[in-house]
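Heads up, the next two complexes both have chain A, just with different partners, chain B and then chain C.
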Partner chain A sequence: MAGSLFPYLLLSLILISLGLIGILVRRNLIIMLICIELVLNGVSINLLALNKFSVNGSAMGQILAIFIVALAAAETTIALGLIFLIFRHYKEIDAEKLTELKG
Partner chain B sequence: MFSDVIFIIFWLVIVVFAALAVFLQKPIYNAFSMAISIFSVAGMYIFLGYEFLAALQVLVYVGAISVAIIFVIMLSPPVTVKPKKLNPFKVLIGIVTALTFFGLFFILFYQKYAGSKFGNVVNANINEVGTVLATKYAVPFEIISVILLVAILGAIVLAKKED
Partner chain C sequence: MSENIKLATWIVLCPFISLLLIGAITRSYKKLSALVAILAISISTILATILYFKNLYGLTPQVHYFEWLITDYFSLKFGILVDSLSIGMIMVVCIVSLLVHIYSWGYMEGEAGLSRYYAWLSLFSWAMLVFVVSPTLLQAFFGWELVGAASFLLIGFWYYKPEAAQAARKAFVMTRFGDFGFFVGLLILLVVVGNVDFHVLNKLGTNMGVSPKLITMTALFIFMGIMGKSAQFPLHAWLPDAMEGPTPVSALIHAATMVAAGIYLIARAFGFFSASPFAMEFIAAVGILTSFVAATIALVQNDVKKIMAYSTISQLGLMVAALGAGGYKAGVFHLFSHAFFKALLFLCAGSLIHHFHTNDMWEMAEKGGVRKMKITITTLIIGSLALAGCPPFAGFFSKDAILVAFEMNGKHTFMYITLLISFLTTYYSFRMIFVLLSPEKEHSHSHGHEGDHHGHGHDSPANMTIPLIILAVFSVLFGFVDTPLMNGYFDKFLLNKHEVEHLHWSVMIKSFVVFLAGISFAYVQFAGKTGYREGFAEKIGWLKALLVNKYYVDDFYFILVRGLVYPFASILNWIDRKVINDTGVNGSGNIVIFSGRFISSLMNGLLQRYLGTSLVILFILVFLWQLI
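Then we have the complex of A and B:
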C-alpha cells in the first residue's frame, strides 16, 4: 500500500477538492485561508509522489516543494495582515459583506 | 504489513481532519484541525522518503503558519455571530464544481496509474538538493527570499495602527 502510487494521488486529489469546496462555500476569510493551505499541501503531495514515481533520483520535486512552502508562508503573512486590517475596519470577516470593491 | 496499517491510519487522519477543517463552524477548531492534518502530511513525506521536507513541513507549516493563524484568531476581539444561512444555490455550485474536478482527475489517475508501484528509487539526498538549489535554481531562490522579505514588511505596514 505504501509502495504504490495511487493512494498518494487519491489523497492529494481529496485534499485539493476539499479545499476547493471550502474556498467556494465558506464565507469566513480565515477559513478560506485555511482551505488554501489544504490545497497547497495536496499539490505538494502530488508533486513529490509523481517525482518519486517518474523521475528517478531527481531533485526537482523537492525544490518545487520547498518553493511551495516558502510561498505559502509569504501568502499567509500577507493574508493574515489583510484579514486583521479588514476586521479592525469593518468589525466583520464575512466575505459576502465586503462589497466596497465590487463596484 | 505493519507499515501498511500505519500508512492507512495516517491517510485517514489527513482526510478526516481536512474535512473537519473545512466544515466545522468555529474558526479556532478549523485551525487546530488543519494543524493536525498538515502534521500528518509530514508523515506521508516520511513514507515517500523525503525526510528533510517532512522536517520542513513540521517547522514551517505546523510551527509557523498554523500558529500564526491561531494567533490572529485569538487576538481578534470576540464577536457573537449567529450561524448564517448559506445561499443553497451557491453551496450547490461549489460542491458540483469540486466534485467535477475530483471526478475528472480521479478517472485520469485511475486509468493511468492504478496499480503502479514505485521501483527501487533512490531519492536525491539533501546534499544534491542543496547543490542544485544554489547553482541551477539560484535566481528563483533569491527571488523567493525577496518575496518573503516583502511579505514581512507588507504585513507590518498593513497591520500598523494609523494615528
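Then we have the complex of A and C:
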C-alpha cells in the first residue's frame, strides 16, 4: 500500500485532458481516434486507482476497466471502418472539410 | 304513424325533394326545373286537400316525434304536429305557393336563373311547411331561419342590381336582429324548462311552477323575433325594401306566408303568451302602432308594390294587435283571409308591372291601357275591396272579427283606432285604383313607347291570369266560413266550438260606414282626373315630409349604423388585423421561423465545434451541480 492516490489521479487527468485537447484541436480523423483512446485509457487508470484506494476493497473499478478495454477495441474497429469508408467516398479524412450534415 | 301524420310528412317532403332534384339534376334545364317544382307543390297541395277533407270539422291534435338529441336534462325533438291550426295554415301555404309557382312560369319567362328561382321557391315552401307542422319551439326556430334564408335568396334574386342586393342584406340583418331575441328566449326556455314543446309551453302559466316574470321576459324575447319576421315597428323597415325581389316572391313570401309566420307563432304558442298579461299588452300596443304607422305611410306611396308592402305591414299589425288583445280566432282568421287577398293584390301588381315595365302607378296611368287588362284590373278591384273590408268580401268578415275581438276584450280605443286604420286602408287602396283607372289622354301615344303602346290591348298570359281568378274567388268567398250562412264553420273547425255566433251588426255597420267614407273620399279626390297627384296627406307640408320620409325610421337606422355600428366594427376590424392576425397568428409563426433559422445556423457540420460545445455545456452542468 505504498504511495497515495494523488499521482494516479494527476496522471489520468493529464491523459484525459491531452485526449480532449487532441480531439478538439486536430483535424485528422485518425489522430482524433487515437486521442479518444487516450481519454479512455485515462479513464481506466482513474477507475483502477480509485478502486485500489477505496475503503471496502470491491473489484468494481477493475471490472469496469476491463469493460472499457473491450469497448475501446470494438469502438476502434468500427471507427476505423467508418473512417476507411469516409476516405473511400470523399478521398478525405479532414474533419473540417466533412461538413455534409450542415443545417 | 297515423294517416294524418303520414300525409303531413309527405306534404312537407315534396318541395324538399324538388329542391334536391333541381339542385342535382335539372339545374341546366330551366323549363324542366320549373315543371319539377310545380309538380312537387301540386302534389303537396293535393295531399293537403286530402288531409283537410279528412278532418273537415277539426280534430284532436296528433303529433309524431323523431327524437334527435337526448340528454339527461332535455331532449330535442323534431316532429310533425297536425291540428286544426296547422292544417289550415298548410292549406293556405300550399294553395298560395302553388298559384305563385304557376304564375311565375309566365312572369319570369326567359329569365336566366329560372332553375335557381324555382329551387329557392321549393326551399321556401319546404321551410315554411317545416315551420308550420313543428310541434316544438326549436323546430319552429329552424324553419323560421330557413324561411329567412330563402327570403334573402329570393329578394336578392337579381343580385346584380345593387338595390336588390342591398335590400336582401337589409332584410337579412334586420330579421336576424329580431331572431337574436328569439334565440335568447328559446335558450332561456331550454335551460329553465328543459322542454320546448308547444303543448308544454302553452301550459307554463298554469301549473309548472315557473315564475311569471320569467314567462314575461321570454315572451318578450320571442316577440322580438316576431317583430323582425312579421315586420312590426320599428323592425318593419326591411319589408318595403324587400319589394326589390320578383313580384311573385313578394306575393308568396312578403305578403301571404313568411311574414305571417310571426302571427302563426303567436297563435301556436297562444297559451304561453297569454300567461303574461304584460307581454300581451305590449304585443297589442306594438301591433296597433305598426298598423297605424304603416297605413299612414302608404298614403303617399307612388309605387304599387310599396303601397301593398305598407298595407301588408299594416294588416300584420292588426293581426298582432288582435292576438295581443286575446282574439285568437280573429287573428288566425285575418291571417288566412289576408293571405289570399294580399297574394292576389301582389300578383295583380305583378301583372301590371309585367305589362308596363314600371312600378309607378302614375306612369302606368299615363301609358294607358289599364282598362283593357280586364282580368287584372277586375281582380285588383276585388282584392282591394277585400283589403278595404267591403262586405261581403273576405276582408270584411275577418276585420270584423278583429273589431269584435277588441270590443269583447274591452279595448274600445283599439277598436276606434282600427276603424281609423280601415278608413286609411280604403283610402289608399282606392287612391291606387282610381289613379290606375284615370281616363287616358287623347295624345298619350304620341310620345315614346310607340310600339309598346299598340300592344296594350291584351291582358297578361293565361298562366298569370288563372291564378288571379282563383285567388279572387277565394277573396270573395272565404269570409263566409265564419258566418251563420255556413253555420259558423270556422269556429267549428278551429276551436271545435259548436254554438253558432250571431253577427255583430253594430260593428259591421260601423266598419261599412268607414269603408264608404274611405272610398268616397278617394273618389272625390282622384276619380276621373288625369295626372292629379295630391291627396289630402300631401297637402299638409309637415305631414307629407313625415310620411314621405317614413317617419325617419330609415334615417334613424342609417345614423345608428354610420355613427355607432361602423366605428365599433372598424375598431374590431383593427383589433382583428393588428392584434389577432399580425401579432397572434403571424407572430407565433414568425417566432418559429426565426428560432428555426437560428438553430439551423448552429448546425454547421463541423465535428469539433459540436464536441467543443458539448464539453463546455457538460462543464457548466457539472459546475452548476457542484453549486447545488
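Keep in mind that, in the parts below, the second predicted complex is superposed on the first by the 99 of 103 C-alpha atoms of A that agree within 3 Å, B and C clash if a C-alpha of one lies under 4 Å from a C-alpha of the other, contacts with A are read in each partner's own complex, and residues count from 1 in each chain.
Keep this in mind: a contact is a pair of C-beta atoms (placed from the backbone, for glycine too) under 8 Å apart; a residue touches a chain by one contact, two chains touch by 3 or more.
Please read these numbers as outputs of a predicted model, since none were measured by experiment.
After superposition onto chain A, partners chain B and chain C are found to sit side by side with no clash. Touch criterion met: A:A59 reaches chain B, while chain C stays clear of it.
In the superposition on chain A, A:R27 contacts both chain B and chain C. In the superposition on chain A, contact is made by A:K91 with chain B only, not with chain C. Comparing chain B with chain C, more residues of chain A are touched by B. Applying the stated contact rule after C-alpha superposition, one finds that A:T99 touches chain C and leaves chain B untouched.
Superposition on the common chain A brings chain B within a closest Cα-Cα distance of 7 Å of chain C. In the superposition on chain A, the residues of chain A contacted by chain B and by chain C overlap at 20, 24-25, 27. On the side of chain A, the complex with chain B involves touching residues 1-11, 13-22, 24-28, 30-31, 33-35, 37-38, 41, 44-45, 48-49, 52-53, 56-60, 62-63, 65-67, 69-78, 80-85, 87, 91, 94.
Chain A contributes residues 20, 23-25, 27, 32, 95-96, 98-103 to its touches with chain C in the complex.
In the complex of the two chains, the chain C residues touching chain A come out as 599-608, 611-612, 615.
Those residues of chain B that touch chain A in the shared complex are 3-4, 7-8, 11, 14-15, 18-19, 21-23, 27, 30-31, 34, 37-38, 41, 44-45, 47-50, 52-53, 56-57, 60-61, 64-65, 68-69, 72-73, 75-76, 79, 84, 86, 90-91, 93-95, 97-99, 101-102, 105-106, 109-110, 113-119, 121-124, 128-129, 132-133, 137, 140, 144, 147-148, 150-152, 154-156, 158-159.
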